[in-house]
């Protein structure tokens, strides 16, 4: 279980997928999770219902490690929801895997959650006052307690009552024996989209790439503030919150979402290319070629190259057979950790001026080694352009950044970062340029990790640290 | 999770061990569980407390598979409780591992339980009416909800209030941040004993063999109806139930407990020898030698041999290197499944009259093959004596027998069983002989599996089957 | 063991690396093999010598799977040679791993071989007439028998005598207790290069990328027809063959070698870009963008884009977390096998005209699915250009192509292939264009797989099929 | 590979099994090896022939680990021979697994060997002078070279010529494409027996327990000095050596063979019981009970108990669920290593006088801990009787004893050993008593490990240490 202090801080990014009304619901959910694997590699789980029994399988590991034909075929039924969870250091244990499943007065309820509640400590305290006991450190468990306490009401009332208690970011799937419920917080921090299966059934997933793999047709995004109840091939929507402006997470488009997904109505690949193109205008550099380090910055690099006319090249090649080597290098093998994965093309690099396109600089340690490996391979100049502004603020809505003191941009100027990385020059995309690339406006986004402007003030108090688990 | 119907029926046998006030609490608990492995091979878990933080590690598997030096050293603290769980077919999943750990108003509470509650359905229903939601199919979770609802009272009051709600069999360990609590139901169905570590610390365990391995000194059994609260090196007892006669499970002495353990005040090895000796008087047979099938009936066989003067021999030898073979035998290899594990000594058996001593006959299928393998190796006669009466009734207090229709003695006479097994003669120890062997009286024991006389009427109603999990 | 018929046919491609005079010889060899992993994924092995004892470790598996710090540190000494072997279907067993190690009159000799002997059947027959017995199906074993029979002569004479018996392709490393020997056949079919370690020691490896990873300095290629004997930091060369024209394998530059390697004096990355550029001139196409399927054709695609001015794009994205999924798709999931690994960027592709650059078309089955997946994602036109001519003839010098009847170009015209693949148009690079891209002349290369012109006539007779092994 | 010095010294004990003329030859060989697993746990292998092709599978590991239904069904044919190899420290590698398989002039020959040649250095030297090269460190490879050099003669002549070159201990199986050959050295050091399958086919195996598992009928032992050639259901014998007295290894009956096997015409179980009975007469002790430590000395303990009238008891119980624990005990847990596997029955032992029966004392370290654990459990006196004389001399015929300086009896008197072990008294069976127990005479046995009287003088010179392998 996680330390309670993490309950009030940004913790993890996850992915969810649910299927309604398909006889292979668990298998389709499996493939949905498979496509969403980039959103969480720590654990995976699926809960199904055949209308009578609810069945679950979850475990630590990647989606293909957790599931087999055998255990998938055992979780029968027309309904299923699934979850992948991101690997955070330390607190990862089987207890904190999702979906969570409970029973109450003969009813079962399962939940799979992507996001982070900002009032979880307060809610938890209130629930405990009323007699609830908690078995996990996950804020997602709160929803189950709220729903159980509203069990006497109609489902729609229970949902409205429970969800309006929550603050923060949640793209969440619930499952009862007969229905799938998709809920997205009124700010719409995290993406969540809706599609149709070939047989008329319904799919809800974090990103559209899950629909593409399954062969489902994208219909629309679940709207911010919408609660969608699916049963059979029919659905109905509840909008229990007053209308408010959205706060889409821009980091999904910069880094997190898969490039072949459309989120918030736009294609990620195209947006990243535009970031590179705007970067080329904001930061023109006199170089011989543009290159990404595979595979960060690939699409912005294309955009930069096309806008600047400077050719795109692969100055370093990824080693395809790179299993992890646990053998320590000898003393004379410098920059080994970079070279073992990314092989500089020495003959090509010799004497050339490189423009590296990166999608982010977090701690800077990896970048430092990478730059040095290019220099040692003979590059004459090494410049770097980054397709977003410096990341300086923590996220309270579901992205697990390193702590501020580990972020290199927190207390270093751009010039200092350039010197630390060993660069001839370093340039970041402006916040204006970033927003321009998305085709939307400042009003539509949460930009807190860049500008510190938080749409919801997080509840930073926390209770005595009750749980821990190695 | 387990089907709810199993919540009202006998489910499993388990083992528990707790350590109070030793800096290596988790490691000592590990070794205690290691000694108790025969009580449960499905999963293992340990929760520890250092007075501030509570840490847990549990997983499916044998004790040495679940724990490593690394994960053991991470569950730090002076307090620890642990649990091993028996492998039941089907419903075994990580969700149902123990200890269970919850948090409530900043307090943590863990539970490890050996036994079976007979009023779990009723209690669960009542708790759900008050808003509790359940995350597992285990009756042990009920205790945590009861304790949480009594959280405003003193610890002793909360314990008394909560435990007197429970009916059935429980040898249970609880752990708070500062204390270990050991509770044994007023009938004392399951064993639970108390010892002292060399450093003055306290150990509580299902059987004394756990104390022997650790090098602790046995002090006494936890009494039926006693709740013992341990903190540091001190302890206090609560007796919240009215005094009543005990109902020790006799099957522990017949079969389940380890022969080097002392339970209910007597040594299991000696009692099993006496069963064999009394059997020799009740059922004298004219045979050439007495033999057990390794390792069922070893000790009763010694007793039978010594009392009858007929020599003990090892007519079949266990294959020590028997890894499981998954290769199917060829058609001509009859009785393969017996011979691959137990090798008849053909030259010795040829023409001899064998008296087999068994500790029980459950389904009879294994016995049938074994008898046949002796005949094919040349035995002239094969007689069998069993060191207990025929097992005919289900257990509602924590032992997972096959269903009555699978028990061979349910609808077959002894003569019919003998014919089925291919024996020249078959004899069971009488119930009187069995009780005589223990040195105690009929009043002290639960003998329900033999005579159907249940000390507590089980609540056999059950709610709609809510949970299932592959 | 392999069927004898395979002894006379092209079998496998491999990689070799040897270190002379470095105290961490085995560890440096390990990293050399790690860089050469693309040349063989079936098995890996290293033999070392400390001047007195010879030690070996080899096994099936990838380099990091076969070796650990522990077993690497056990193969001590200043000398080491290693080998990676390509995975061929069927005949892969531990017996056929390399290096091979024998002892003869107190001397030890090890061999690691990349290539294929064309007179192995004849030589094997002659040796058996003289009393040799063979323990493997590998032609490399012949060298050891020849060397043993010449053991009375000086090392140089023995090498000259033995190696001039061999016909075919061999880039081979031998190791005695005191020396490393590198031999390259007089045609120089396979690459082999020489470098210096920082401490003055010597490295010989199949490709220069092995030197780059270790931090060694490239000196020169081992010349065709050269036998280099290394001892301590000194070396001497023997040229036992008459001078003849070289027959470098062009397929190494088209496909097999790593792009960051320099082979035959040129950088593979640059040559592949030139192939693309020449292709753009030979086959101009009116498309919206150029794209490779990751990662075949990456570098030729860059060349094609730069020469044509048509932008390079990544129309499909590789799934980075793609573990293998063994779950079968449902019926409605068409083109699943492509999409699960390579995700088409639907929003980008819609309505566009794609020019795919491939480095080869072997059977065509993969290509067919890939083209179809682009069409289903909405591409308006799909054209393909291939950066080499159609592959139509088997290789007898160490590359394991599918049999001719499996090669799609053997009996299909280009138009027919295009139709089979579902393309709007298909274009191959001309043989002239291919050779032009290398910067060398027709005289320098073996082009047999494209034009059927074999530098050495292979001995296609074969003996009764003696060996087989599952 | 093994150091050459080990080539001239006792190395290992092994087991062999061969099947002639059964369509499931490999599978029956598998089960034969499974029964012989006690003779070798390091590696296992089987070679088969269907009359045309020869197939092999072998690997490090126990028999059930090495083979699967899949790989077993692949090694098709009516003929098969198999081998299990004992785990020696250090030199165990895949290269030294058996069977060995070679090809020569289109013929194949496989060998599986139990024993040790005493003139291997000389033979190897002579063969190398004639051009043979060796790929393993095993003396068994010599046979293959000798057979290859005699390939022009008839099979019987080649066998006679080759085998009469060998000195030392060999119970060996050869396989050609059409026949199985069983050869036992003229002293008959190692056992080897012959049986018939139900279908008329032939089985040859190290011990009769392999026949019992398969359901084959024991016919007779292969005679010392006999070479048996089996083809189809027929066999013929060659006796190329002059008749001489046998030198059966007595250690097979004392310790090594399985108790349910008959070897040298007698049942091992019965002989071991007689050893115990004679021990009871030679060394009467006034004790309360007789006990073995499971499972060394079980059968001699029965014999001692029956002859002395002192009851047999199980004072210590083996932990059945003992997986290996890698967790270090805490400081206060003394004698942990004994207790974790063997649990003293404290209540039984208290105040009693124990007579332990052991089958051997090698180093004495284990015994010391065991005795101490009995004392700490409360035993009043601890006496030990050993069912053989002190082991003082190395074996050159296939048993791998520790070196003499590690044998406790080499330089300690019996009184000193008793003091070292912490015993009240210690007694060994006399050599006369041991031979008497076998029912044979001194003339029939090799007793060298007890009396130093070697039937064949070993060739202790050795060549430069050529091979080693971690």
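A, B, C and D are the chain letters, set down in written order, and residue numbers restart from 1 in every chain.
As a convention for this text, a contact is a pair of C-beta atoms (placed from the backbone, for glycine too) under 8 Å apart; a residue touches a chain by one contact, two chains touch by 3 or more.
Given the structure is predicted, the values throughout are model-derived calculations rather than measurements.
Visitor: With one step meaning two chains touch, work out the least steps from chain B to chain C.
Guide: Each step joins two touching chains, and the minimum needed here is 2.
Visitor: With centres defined by CA atoms only, which chain is the most remote from chain D?
Guide: Of all chains, A has its centre farthest from that of chain D.
Visitor: So the centre of each chain is just the mean of its C-alpha atoms; given that, what is the distance between chain A and chain D in Å?
Guide: Once rounded, the distance between the two centres reads 61 Å.
Visitor: Could you put a whole-Å number on the gap between the CA centroids of chain B and chain D?
Guide: The separation of the two C-alpha centroids amounts to 40 Å.
Visitor: In whole angstrom, how far does the Cα centroid of chain C sit from the Cα centroid of chain D?
Guide: 47
Visitor: When you draw the chains as points and link the ones that touch, which shape shows up: line, ring, star, complete, or other?
Guide: Drawn as a graph, the chains make one closed cycle, so a ring.
Visitor: Among the chains present, which pairs are found to touch?
Guide: Listed by label, chains in contact pair as A-B, A-C, B-D, C-D.
Visitor: Using the touch rule from the top, collect the residues of chain C that touch chain A in their complex.
Guide: Of all residues in chain C, those touching chain A are 24, 27-28, 30-31, 34-35, 37-38, 41, 62-65, 67-69, 72, 197-199, 209, 212-215, 258-260, 262, 267, 269-270, 295, 298-299, 302, 305-306, 311-314, 316-321, 323-330, 332-334, 336, 339-340, 343-348.
Visitor: Spell out the residues on chain D that touch chain C in their complex, using ranges where they run on.
Guide: Residues 1, 52-59, 71, 74-75, 93-95, 100-108, 125, 128-135, 144-145, 148-149, 463-470.
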